[in-house]
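Chain lettering (A, B, C and D) follows the sequence in which the chains are written, and residue indices restart at 1 in each chain.
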């Protein structure tokens, strides 16, 4: 658990370092699948005052196992995603500027180029609006459910992020570090797409064969990017 | 007074730190309701040369009680707001880029997402234009009056900021630190709304039930955000 | 001269500090009216390698009086402005992003708010295109002439900057430091105006009485901004 | 080779310093024409962990001569350009934000002002889309070929960069340092053009005589910019 707490702590500290959060508007978690335990940032604690010991440890039903603070108010969303997708090791939520703008616009972030296709195999979908009942009920749990509904049968590691309508982005990965990496990509891709659509509103989606080439170059069985 | 001067000094220094001001284009004040005294930044003094002792202390009618400098030229606006709203403890004025752009556009900043709704329970209103008489008369006092006219019967802590037409934002809070916090939020929310409206000019306001959920999660009697 | 060289050196170093220049794309000069001497940045010297001794001293006809380098390639523009306007003490040229974008758009930067009116009493005009003859002849001198033609009978200290069509901004002031200050304002005002026009293409110019109020509050005979 | 490895290493480190890359999204190479050897960044190695010894040395056919890592996945593109253009000494590829947005928009970056014309003698062209066959075959080699097809008979040092459709910018120069310089210019020019086109969609290209004047002032036989 010490290692996982350290990883989650460092991943949380990376959020302001990459310019993804203002104040406390973001959180990172990670899961230890063996022990069935999740580590997450405490709610409303300032990033620069935060220490490893402030991290909260829960089981996947949300019972606190270790930690002196209340967990992030978005905890139920994280847990729902961990329960549904065994391949997820880390999850991030932020209100990063451009991804949040797309969420407010209510549109999926279109796959327009290789920067996008190096990480996401298709558009980054925007969820439907939650109903009044869903919001007034178990809101954070229902946020997790609508993300799952939106991903449908897709492999979550082939589309490692979603934007929640009128809210903001959730991203994930094989661990906390990877999840933050994907959150940075999601924000940068959202920013480039905004500018590109402004330059040419009639632009086209990336050619499917170019998207596949780039995604597979980094993530396929014969990946040639990076070092073996 | 020493504590309040220190608080106002630090809150003023936070303005350039958060990227809200160019040169001396901003000011923060705070009030001690017990003593009926207001502390405010001196006029036209550079942020990096400013010390605690440069802060100016006034009574709520604007008479200088302590300090070697003239107070901010916007002092009469601050005082009018303190007189009208007993719940205000701190006030900030800046020319932060995106909030000022909305003020120049003459439009209220629409409530489009949860980032907005975490702090503002509704649109951030833009005042009407001041008349020639109002500008040529007691301009700064009249700026305070038009802000009050714009807020009407709203709780100022439920809408902790307004943009003044063709001018820029005023924000406030329960103390100087809180006021600066809300000024940062106002600027970020203005920026996201600009981008979102550019992406989808036909976007919708946030659902009222989602706005209420988020505002109350942070500010309601049963707030679950942060630590008790 | 030592003092003026120091001032011009420091003002040039301020350009990258304020984010106004990429590489060597900018220059500041100042004039000693008593001695009739102008100090200007050398051409194409990197800002971080530059020292006070690299500054070039010229008379107002452009003859080098002191210095080991060639002066800025824009020197003839600076000199023409000093000759025409006795009130100018310092001049700046940059390719700052947003002011340059307005120059490329070929439009004057409209006076839309008090941020603008605190420094510029009216739109920031864009010059006409230079003719082929003017460009192929004494180009830099003709750039100075077209700036003068654009200002016409206006007081240059009431409109301390102009954008040159398809080129970029020139700004000035009572000394080198003041000129850089106005160049920073010009860039920020250009940025806000771009965003404001994007939010509401039908926005209105600032009310003339509000513009006058703000300009005079800072620059009029009864200025109340800052310390006496 | 030690000198060239050092130069390529430093030029690669400049990419994050100038804000041109996120993570490992970029690479710089340089060529020693005498020895016929190319030095390039290794694939997927983080910029802050990279050392001079991580650089990879290849011959112009792509055979590794020295180095412990796999070369950048874009190596075949670099080599094709070196083989075709004897004047090139260094090449850069990035996914810099605004240049990538133009690539996604599928439009050449129009020559709109002197900032552009100081470095590029004409529009910065966008390549055609690669066909499915070209992408599924020798993709990186074909990327080099389509850049060459796009430049056609132009002098590559008179148009030291191109944007590849739905991908991003390639820039070059007489050495690695110069190539990075041009990549910075390309990104800044792309950003200004985006803003300028937003301000005035009906804006005009730079007058040909003004473009020529500026390009020749810096690059012509009688260049008067900088120090001899």
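Methods note: a contact is a pair of C-beta atoms (placed from the backbone, for glycine too) under 8 Å apart; a residue touches a chain by one contact, two chains touch by 3 or more.
Here the structure is a predicted model, which means the values were calculated and not measured.
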Intersection of the contact lists for chain B and chain C: none
Distance-maximising chain from chain A - centres being C-alpha averages: C
Residue-number overlap at the chain C/chain D interface, same or different (half cut): different
Length of the line joining the C-alpha centres of chain A and chain C, rounded to whole Å: 46
Centre-of-Cα separation between chain D and chain A, whole angstrom: 32
Junction residues of chain C, two or more chains touched: 197-198
Topology of the chain contact graph, where touching chains are joined (line, ring, star, complete, other): ring
Full enumeration of touching chain pairs: A-B, A-D, B-C, C-D
Touching residues (chain side chain C, partner chain D) in the complex: 22-25, 42-45, 69-70, 73, 95, 97-98, 100-107, 129-130, 132, 135-136, 139, 166-168, 194, 197-198
Partner chain C, residues of chain D touching it in the complex: 112-115, 181, 184-185, 188, 191-193, 195-200, 203-204, 206-207, 209-210, 213, 217, 224-228
